[in-house]
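Just so it is clear, A, B, C and D label the chains in written order, and each chain counts residues from 1 on its own.
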């Protein structure tokens, strides 16, 4: 079990007051599938009884049968998509989690990552708590269960005051759907509503607005940082139980995570990405014949780059969307097979041309190198790579699966070195201020940045308690069972 | 979720100090498969790290690959077979259970049933404990986790002093294999040993001695009622932490549960069953041409009956061992299909004969009636049914899956009525004293019976706390999640 | 692909004129499961349209859903069980076979083995026929398709006149169910009937009468050797198109293959086996304390032996019916693991006793040796093995999966040598005349034996054309595709 | 079994003389996955022995294990992708087909459709041939088997002279890989080569050049219409055994089927599609704010349209590539759910805008209507649909799965009616001459068109023998067995 396991980027969804709660939740999770493909789960509630279905694999493979949906009874439900990380996976880690509390059933789904989960887990185990998963999220459930609070809302607030990290949570109780964002609002969470056939409206919570679109719902507003909303028969009640000195939404959601058709924090992701491309062209122009995106994530920035630079946009690399990650390599003569299973150079387009390749980011750099090789073998005369974000020099501890620093190319090499390693004629990244301009700021406020950009800046807005205490290293104490 | 779910008859196995601990455990569980076919699990321990594999289905289908066994590392392991009850099943109920405690990993497997589990569960939930299964066994794990005891042994003793019911437990800690039988010793548990290729001996715990035979091991002794054995690098330490006023082993283990080749409580099961058959013949002789067992469970008693009565033993009913429980019935003309999938009358043997049918017990009576019909249709002139136990008039609450009293034929009808309902020319049961004679007693001690015979007598030697408090009825409070 | 693949012992079933034809066929195949466990198939016919379902595995696992049965429409159906041979298996070899002929659909299921199938296959391929399986049976379908006969019956007769070997066939055409036995009647085939809820009777064909019992049907008669029956709306028409100089039913069906509750060729199998046991006792008596069967196949003969010898019959070996063929061996210390997965010595019964072990036959002798070792380790003072058949010295080419002669223990060793190898105090086989007496003959007619006993005598009543021409060796010509 | 079943658009691949033949074939099929997703198969040949693996589902799910690939031994292999048509599917229809012929093993994979297959099938059945599949392709195998030709090449030529229709075939014999295109060259087939690690070159056949790219191979040339190439140890031999009056490549391959990065018939598909978009803009310009493709197939034409019209290209519709075809609809309030599972309007882009939607074609029109509704609900002020092909007024009988004419929107409505039904402000199709210009012709030669454009023109260049004789209607004669 590697430490990577706690770094999950996930999607959450919740609905209250609709006769087809589970079916809507399944659809919402399908729309949020890009946020996690490893596993999915739905928990519904019907008059105090809870029903659950969790499965490894895609929503569309596990939640599309009348049999499954009809067993998820009730007019309220929450759901969760889990990210596909390397290595084995355990069904007992698949959310939403559920517990019988003295106040009744309680279910919870979490997008984000807690930075003091291991510390809390150790304390809880010492108090006699039994952990059933290896997930950071389970500590919240224990803290709620052990809280002396009279109401479930009190207990949740009590519990969340003890945790550190990033979290957008949806929770289900016998009488309410509850949503919370951490005090900095690192991960997204939107409020929407959807009407049924008779016009009765139900409230919805979702990681991104695209999950509202698929069910024919409408966007109401973003949940505020540090806000808790309680949705029940009386409508939506908003609480602000946590101190919220500042808002630090993850700027990487705009760069890569969110779907281009989503509104997150009032901004259309596609439009931001096009502006990123335009900024990139302004900052790092180069003479060339074509602007070619690395599909699919580089496409909006490439369109923006092409518009700004007046250089034609072309599909010089074609993406094969059929799954094929693990083919047997015939021999060492099929170079860059891993890349070719998903991408192919469009030789007729690239041959003899000066090409600007636009990609969203560089992590380890291994794929970039293969793509550049492929583009050159297709006959490109020059290859200029433009990256739609600053160099990623630091790992994320707030819910994103990133390698350790030692494996981040930009953490260990200059841009010139990177260009040489990747094999391009030129390489340029968007500046940090360019990125802030693309999201609508004049520039980064270097005193208190408007966003969380720790992966670019190394400035972590939330304490890294577990990491700093080194508790992660003593795993055998905490996780004696291997699946 | 019916109350039946808490009534499991299971098999347990444990081994300490053998390089092939998991492979031996899988074999032991295979030998104990008759005690539970719904699911099986093995947990092993290697230098403080625990490894687990649990699966629905037979041991032979899930624990026979090198892949599975090699992942179960370490020189100590425990395993569990779960009984196949009606209705759905959840993987999270499959034992052995595991927990990270402050003292390290802890795993437990249980044969039996606790009679105050729901009461304890409610109290524990009120204290903030999170339950992950619907099993009675999980309360023991919580009680151990919450115990203030300094050593794991102290904590286990502390926990078990709070529970009521029947239990034979095998437990695994980073440094020991621990076995316990409840103060009355209702369920069996034997100690054995097995040598490896170099002659090094390892200790083994198992529900029945047949699990020692399969691994080439030898029987040492039965664990005593109320005894706790701690097996570690220093050998076997025996503790007697519980008051043990009397021994009340389940007499039905001899009638039906245990394998005929097993030694339980110093007695060979096959030999007891033959003596039961002989007692039955003595008590309830009848003129007939053949003694025919209802296979397979009625065979040893029928052999005993035939020897005693000098009436020939014949295989008048043939058993089809291939699985086929749920065939589609062609029409109402295939009478007694459910019985015919497993049994067929051997017409040439039965035709024109006066037949003594020997079966181990009658529960609802539905199968008996179908078998008698089948035997008559095969031409039997007379059918005399002899039952190798007294009438089962009461439900078991100590780990056996039995219907409620309202469904027990003998609880609601006289023997004469039963004979008529089943359609036999005569029907007779073994007397309770006859049964005690077969197991080696002069007669039942009616003051303090030597065995637990509650299913025949209604005298329950352990308090039925949950049942008496009616807590089982308020399930929605305790089990809000339905699988 | 080994030559063993062509040696299948199978079960067949057919029914005509019943609204639940497929459901009855599935039940019939379940009753015949002992004749083949590798795969099963059912083909039904509804107004000229045929429906098929074939699957690897047990009938009870593949033909027990309403979904499968309801898709097998029509009032006529045939079915087939295939034997589990070593090595890989191909779905396209699973019978019944089906073909679109110019006269309409045609389906066929075969128990037996053709001895000139490879010769015919080569000729047919040279004529341009395309084979879709590696089964001997497919040549019959081709010969029927290519026959110039005007009616399907003519074509079947024409085809069968070209084949050599053993065959009991059930065939389905748009208008009839057809059954045939080869001229010597080597494999069994019985005619029965079953009434529906309204009393309308349908005819049934089955390998053994136990398949009639399970559907509540009744036995009418055995199909005669060389007889062909055509069952259609007009009832049963009997044809005798083949020369039938003699009847040579497989005597080993009585020894081992058939179910004890079946009637084959007018004789109850259980009764024959008991008489075999009695003959064995008469021929090879020995002083002993117990008669112990090797379960399950040795049980009836052991009962007969015990009755004749007045030595008590005891279950000294217990059989575990749960499947577990391929467990991982923990180490070399578990001796005879392969045997122990299925059998266990009942030590309390055997210890200190002189034991007569009764088994049906000895093939390679490897299992016998392990069982004897196990019995001795359980404390038996003497072990005398008695075999309920003569020594098997020759391979079968008529539909039974047997090893080559080089691997048959009795083909290469004297009885004294075998006794030493197996480790018994004495070993004796039933004499060939004793076997004939048990089946009701005064003795074997050595000029023209009344049965096929080639496996004991080496006298093959049907030419072994393929074997003698050595065509089996040139497999690459005939079977270029490996699955 | 609907007639649609014979209309398959498939992909084929073959390789000769490479030690990793099967692994290369699996990769080639993965690159051709867009031509068929229902099933895939690979047959390899090693010294005259053939090995096969066929499976329902994607190549990446069934041919990516070392286990599967290592069993497909040999240095030559062929493979096939099968199109996903509605309704059930039978494994026995999955290609490549295989047969043992008198000359040795023979395997074949087919892209296209025969128009006299049923007629030939009936004749062959009357001659005694046994068909194993319901595929049109099997008649070729029978004709080869029955041919009197001395060599396999003679037999193939003899067989193909009897069939009518469209076919690109790859075939494997013990000594050669053989490729053929029908006399009109309706379906594509290219020749390429690939070097192994030591530089040894092997020849490859594939439906499209993208299958050469993935294995690091290079394009040599297109197989000519009516050409047969025999690839063996001596290299490539080209034969032209068929009269080839004209070349009539399927023009719809450029519109939709082929991958944009493929070269087919010397033209880059992406470039043709961009020219189609430009022609469309020239022919059917309209004032608007945005050009928005219906992704993914409409993207290249939309880029071409935007470049020509100087109207900005925008991703106004976002595609969800995760599979989710059959979700349970929550209620009637989720309008257009089927479309929303795959597409979502990017509201921020579309709102208040005049939108030109570019799609490749309109078949039934049902999806178009839903997409237009979705775009309008996102706030588009005007919606102008432009279709990158002429109206599809006729069904294809040459290997493409198309609905019957009665279901083709353009076959039954004027463009004005279609615009109204779909709900657009304007609708325009590319002219037939515009399409020919885009593929490089001055205009369509109306006497003998340069391409097969039957789906647009109703001019079928190959006789529709089965259809005209009505033989398809008498299916019960030809296909008595339903899977």
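As a convention for this text, a contact is a pair of C-beta atoms (placed from the backbone, for glycine too) under 8 Å apart; a residue touches a chain by one contact, two chains touch by 3 or more.
All figures in this text were calculated on a predicted structure; none of them were measured in a lab.
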| item | value |
| --- | --- |
| Partner chains that subunit A and subunit C have in common | B, D |
| Remotest chain, subunit D as reference, centres from CA atoms | B |
| Centroid spacing, where centroids are CA-atom means, of subunit A and subunit D in whole angstrom | 37 |
| Gap in Å, rounded to a whole number, between the CA centres of subunit B and subunit A | 49 |
| Approximate Å spacing (C-alpha centroids) for the pair subunit B, subunit D | 61 |
| Touch-based graph of the chains, sorted into line, ring, star, complete or other | ring |
| Touch relationships between chains, expressed as pairs | A-B, A-D, B-C, C-D |
| Subunit A partner contacts - residues on subunit D that touch it in the complex | 18-20, 23-24, 26-27, 30-31, 33-34, 37, 58-61, 63-66, 69, 194-197, 210, 213-216, 259-261, 263, 268, 270-271, 296, 299-300, 303, 307, 312-315, 318, 320-335, 337, 340-341, 344-349 |
| Subunit C contact footprint on subunit D (complex, rising order) | 43, 48-52, 91-92, 98-102, 104-105, 125-126, 128-132, 141-142, 145-147, 174, 476-483 |
